[in-house]
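In structure tokens below, several structures.
Each of the two complexes below includes chain A, the first together with chain B, the second together with chain C.
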Partner chain A sequence: MTTKKRYERPIITKINAGVTDKFGMRPKMPIISKIEGVAITDIIAKYGSPAFVISEKTIRKTYNEAKRAFSTRYPNVQFAWSYKTNYLDAVCQIFHSEGAWAEVVSGFEYDKAIANGIPGNKILFNGPDKSKDDLIKAVENGAFIHLDHFDELYELLSIADTSKKRPKVAIRVNMDTGVYPLWDRFGFNYENGEAWNALNRIMLSEKMDLVGLHTHIGTYMMTPDPYAVAASKLAELAVRVDKKYNHKIKYIDMGGGFASKNTLKGAYLPGKDTCPSFDQYAEAITNALINSELDPNKMPTLFLETGRALIDDAGYLVGTVLANKRLSNGRRSMIVDVGVNMLFTSFWYEHEIYPVKEVSANAEDTTIYGPLCMNIDVIRDVIKFPLLQKDDNYVIKRIGAYNMTQWMQFITLRPNIVLIDINGNTHIIREKETNESLTSHERVPAYLK
Partner chain B sequence: MKIRNNIAVSETGFVFDPNSGDSFTLNETGKQILNMLSEGKTGSEIKHFFIENFEVEVTTFENNFSEFLMMLQGLNLVEE
Partner chain C sequence: MSIKVKPALKTTLNSYSQIFFSENNFLASLLIAVSFLDPWVGFYGLISVLFVNFTAIKLGYDKFTIQKGLYGFNALLTGLGTGMIYQPSVSLTIIVLCIALLTLFITIALQGVLAKYALPFLSIPFIIGMWTILLATKDFSALGLAERGIYTYNELYALGGKNLVNIYDWFGNLQGFESIKIYFLSLGAIFFQSNVLAGIIIAIGLLNFSRIAFSLSLLGFYSAYLFYLFIGANFSELEYTFIGFNYILTAIAIGGYFIVPSKTSYTWVIVLLPVTILIASSLEHVFSVWQIPIYSLPFNITVLLFIYILKLRITKSESLNDLFVKLETPEQTLYLYKTVTEEFKSKNYYPIHLPIKGDWNVMQAHNGKYTHKDKWRHAWDFIILNEEGNQFSGSGDYCEDYYCYNKPVFSPSHGYIVGITDGIEDNIIGEVNTAQNWGNSIVIKHTEFLYTQVSHLKAESIKVKIGDYVKKGKLLGNVGNSGHSPYPHLHFQIQATPYVGSETLDYPLYNYIVKNQSEIELITFGKPQENHLVAPAELDEILKNALNFIPGKILQVSEEGNIYKTEMWKIQKNAYNQTYISDEKSDSSIFFYTTEAGVFFANFKGDKGSNLFIFFKSLYNINKSFYKNIEIKNNIRPDLFFSKPVMWMQDIIAPFYLFLEVKFSLNYIEKDDEFMPNAINIKTKNTKYFLKKSINEEVFEITIFRKGTIDIQSKNTSKKIRVETLKNV
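The block that comes next holds the complex of A and B.
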């Protein structure tokens, strides 16, 4: 029996003068067949398609890169894992085992951190939505409460009246760092004096311990310079508090916002070539602090709440091609089994997507659609993509941040999430949903049954 | 269906249309089909050839083949 040749669907492509991918020079799209040594086809065979895959090794490696960048430049640095970015317990535990505290923005996240074994005095409690009960609990546990607005400040003052413990507080400061739009909806403004006013009220109340200053200047910051501006402004506030009240601020929290290597929609160059390194962010922040008027013998601890830049690279989505078809304008479209319901970040990013099996150098401009019966369900508007057939597998890279928290249960159920541990063993860390997972929360009134 | 007779197909799968001045590239299977069409092979001969020689299911090939022919028509490279 003769062996048959590998088949690829026939295509013909018009050559446009002036484009770089002239015939014969077209770079072949790389393939990704394994994640941390585990074959993607094996993962799909065992855990179904699609599936989220998280690499523990990459999380630990990235965390240690970030930590090294800062701790080689500044005496005392502490990361707090930003829960909202990915609050799967297994993921949080990996960060905690590396020494990260927890940064939370709701009662739900707060309770999750406590359940993960994080004591209150290693929790930074951010956000505009802390209920009275949340605040009472946080005071009892000795958590660091980052005040967002005056109403919260007054509420906490009244809690402090009856509480046996003194609240430990920081204020969130928003400011002009030269980056627009300005994130002025959270915290107290620096330029108009509101932040200074809040600090005075806290100090004069004598009911709380002012321990920190916090800011989060934005997300996916494509240059480190605004961090230098922000760090200088926080240092300046700390120095003023010290001068006026002889009170040392214990920490300066620079929030999150470092860009991950994903490419933003509409960006001309890929993110991995343009986004600053941890070293560049660290250089900007630590120089600003070191060159400030802060007392060099009592430098505040530098807190970082880095989210996406620590987890994006560790996450993958693996899946299967459902169909190919040609649109009325002649463009190829490919329908895959991952939609925007589980890849929320495809609204922001041109996600990298790769075949998992050897392909030829031929590729066509392709629109990649998710499986949802909705116009918004587009994974890539246009990508030069090899000629995958129905049932072929693919992998989407750098999806670890925000997708496993901002996903929507919409039209399909959420799939398995698989962790590859540092020894290359796989573990389900979130089981795929069943109809029962959803209907168990529903109630049908008796008369409708 | 026939390739229009002044269309040039090179060894490497390069197609030149002197009427429009456009050029095109073909992948291996596309080149195979175009060559067979210019040899005057019929659709069913081409289909049988592919089923015999390539790892492909009949329905997949039929779909891909008819779509490919539509593309050739759209590009004005074939005539009835």
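The block that comes next holds the complex of A and C.
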């Protein structure tokens, strides 16, 4: 018996005969049918559509690549997993098993790290919002508190008066590294002397141990050079502290902000060709530190809190086409079962989206919409996309960062998150939501019942 | 227990015992007693010693050498010899002192000449002194010849009455035991005594001093004795004894003193004795012309000749080691040599670190299968592999795909940049540039005849210039793919000459770790092997601080539960540039070596009941890098751990087989905080072995604190001591 041939709707395209133009031959979109050897159709069949898929192998591989880039250039390097990027416990545990500490920015994340078995003395506590209770807890656990503003410093000083333990602190420093926008809302400014002022207050208070210097110069940094500027400014501060107080800074924390290989909206060339590699970031940072005035025999440990670049590649979103339609201007649109409620990053990136089954080479300019009943729910404004039909599957690549933390429950429920372990076995690491998951938190006053 | 002896007395005692290459007080006391068997002889010996040592001190010679008895023993021998030949008188006293002075001068002059060749003067000054007096006194009628040594029975009777005469007769009549008698006579002859009693006393002293020296004296004596019998030489007992001690001394010197005792050294004794006999026989004929005896001349000639020719060897064998440090007794030297050879060897190595940071794979090691051959066989090629064992990501068609490409290369040690090749472009992957074989390279001079070379660097990446002084860890350049390099890698070699591409040296690398899955091995000096995953070892701040034993530092030691009893240990340095920790109260010392990464307690001297001994055995060898759960293993001298009677048995066969052993092991347990630790816990163990079977072990739990305090608790005795650093007193 012969199977019925797949129907493909007719399209009209300009004949592109003769010599190839500057874009080369007519492009044919590749397909992705498997993730780490597991067929996407199987995943959808087993876990439903849509589903988030995370590859453990890719996480470990990326982590080691990053670590190798730094540790082959600098004697002591320590990564701290940026919880906000993806704080699924399973994901955090993979990073911790590779030796990463935890970098948290709230009491919630702090407790999550502790619950993941990370001791306080392996937690970097960042962010402008640390409650008094959070600070007390962090001091008691010996966490590294990265001070963001003077009010926090004063609060911590008063805590230090009554605490048996000496707080271990670092300050977050913001500075002009030659990039726009200047991230000056977090931490103490370098150029106007606030950072130096804060350091002096900490040292003179003699109530806390100044252990580190922290900066986070921006996000999705498309060039490594600003890191070199930042690293040398922090090194200079460390040297000044040493000169004035004979006190060695234990670590320099360069924060995160490394770009993944996603293409930002409005970028002319694809991210995978333009974003720097770990090696390029590492080269800039370590060279700046090695060439600084820091004592080469007592180099501070280099901390890195990179999140996005470590996890983005490991995440996939698989789903199903809901419908196709023609817009008023004649452009085709495709409605898929993933919306901006789940794929928050589609506001930032031109996400790569691929069919999972072999289709013809024909492609048409398409707008991909999510399923929400909201005008802003656009996954791709325009993409030359093959002619998928209802119930066909697709996969969106490189979505591991931020989506599983910044997503929201809106209109639809959040789906399963599936982990493919290094042996190719799949595990649910977050169950899909049910109405119950939401209503269990709701309370209806008796009189309304 | 060692008894503390005043320096003046020690100097005198050593002047006696030094004849047997010893500084043993008991042996010295017996030797003095033997010399006083004839009171006048003893008297002339003693005044020679006192006079010469006093003069040497007044003239300002090295107090250490004087105290070792090295200036006194030749004068002692001339004093004894002269006193033996002539009747005591005032004029003889003056002559003895004159000749003692002459002997001292000759000693010092000879030392001045021979020291340049690292040779001892042995008893040559004595021989010249004796010849001088013998030849000179032919004209001195005032000196009457003594009759001693001729009327043996009279002398014996005077000494020990009838009984002694009987014993002497009994010995003389023992058939087949004649050789033993001659042996004792030969021993006695060293002190110009021609009676068995003197020999017996000396033999007892020698046995107590060293079993190896004693057995060597027998080996020497019997080798020579049997050789005489073998060649059918006609010799009388008397004639023999005046030559025989040469063979005993030769055996002790070659078999156990100047060479670390071993099967080979014993064999050489047997080989060299006939040679000594030939020298003795021929010289006797020469010197009979002037009617002077040859004394110990054959011994001097053989020993000096042999140890000199050994020094000129190009390759030194383990079994015939003439350079090793000499401890109090040959057996101590042997035990130390057997247990710590590796450490002793390595202390002289210049620390050459890996020129890289982080984890690298050894793609080609020494005697590699690709290019590390012949004169260039002692080199390493390093690359980086990912977890899957690939050295590149992407297609691997471009240098940039390779993990190691463009990685920084660091100076492996301090030194001067003496050679640079730059400007050679990277090869296309798969191609090699044989015209410029080494590619972009840097050669660093670390010390005389010790250079390192890194090669195949990236063009224009070199950050240093010729003449720069670089510290260890200084950025040199980046890994590239220039020269004979089909894909990016770092070539590293150690060489003796300053040229790019010089012949390589077989030289170890310093303080690195080898990772094997989850296991880590810490290597202080070693040569990475092919496929090893290596990384430079990082030193731990706490260990670095606590184990920084620099001379001048003072350690305060207290015992738990005994707060009133504190000891002060001083870290000092002696004239031989040896560093040691001394505890004056128990008169004990630990001699130690430090390198950048480790402390090694080479030797312990003194009271084994002291806290210092606990410190010695619990921290015997420690590397200042902390890697959790790894183990360091070493052997310790067994003679510090087993009781005397058992050790005596071991001593006798020690050059051939050790049935008693003690092993030290150290485990790094944990830090109280991985990033900012305040304390480090380690566990060490001394395990005693009898015939390779473990029979007993002592475990120590040690905590080392950030401020340098070291707590040591023996799990066996529960005794806990705390060692704190006092900067000043």
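Observations on the model:
Note that the second predicted complex is superposed on the first by the 432 of 449 C-alpha atoms of A that agree within 3 Å, B and C clash if a C-alpha of one lies under 4 Å from a C-alpha of the other, contacts with A are read in each partner's own complex, and residues count from 1 in each chain.
One rule holds for everything that comes next: a residue touches a chain if its C-beta (ideal position, glycine included) is under 8 Å from a C-beta of that chain, and two chains touch if they have at least 3 such contacts.
Because the structure is a prediction, the values reported are computed rather than measured.
Looking at the shared chain after the overlay, A:W348 reaches neither chain B nor chain C. Contacts of A:W407 after superposition on the shared chain: neither chain B nor chain C is touched.
Once the two complexes are laid over each other on the shared chain, residue contacts for A:T301 go to chain C alone; chain B is not touched. Look at A:N64: by the touch rule set out above, it reaches chain C but stays clear of chain B. In the superposition on chain A, contact of A:V211 is made with chain C only, not with chain B.
Contact with chain C, but none with chain B, is seen for A:K250 once the two complexes are overlaid on the shared chain.
Of the two partner chains placed by superposition, only chain C is touched by A:T72; chain B is not. In the superposed model, A:I290 makes contact with chain C only, not with chain B.
Judged by the touch definition given at the top, the superposed model places A:N121 against chain C, while chain B stays out of reach.
No residue of chain A is contacted both by chain B in one complex and by chain C in the other. For chain C in complex with chain A, the residues that touch the partner chain are 356-360, 384, 386-388, 393, 403-404, 406-408, 471, 473-475, 536, 538, 673-676. Contact residues on chain A toward chain B in their complex (touch as defined above): 4-15, 23-24, 326, 330, 360, 362, 387, 389-390. Those residues of chain A whose C-beta lies close enough to touch chain C in the complex are 60-61, 64-65, 68, 71-76, 78, 121-122, 142, 168, 211, 250, 279, 283, 286-287, 290-291, 296-297, 301.
Partner chain A is touched in their complex by these residues of chain B: 12, 14-15, 22-30, 32-34, 50, 52-56, 60-61, 64-65, 67-68, 70-72, 74-75, 77.
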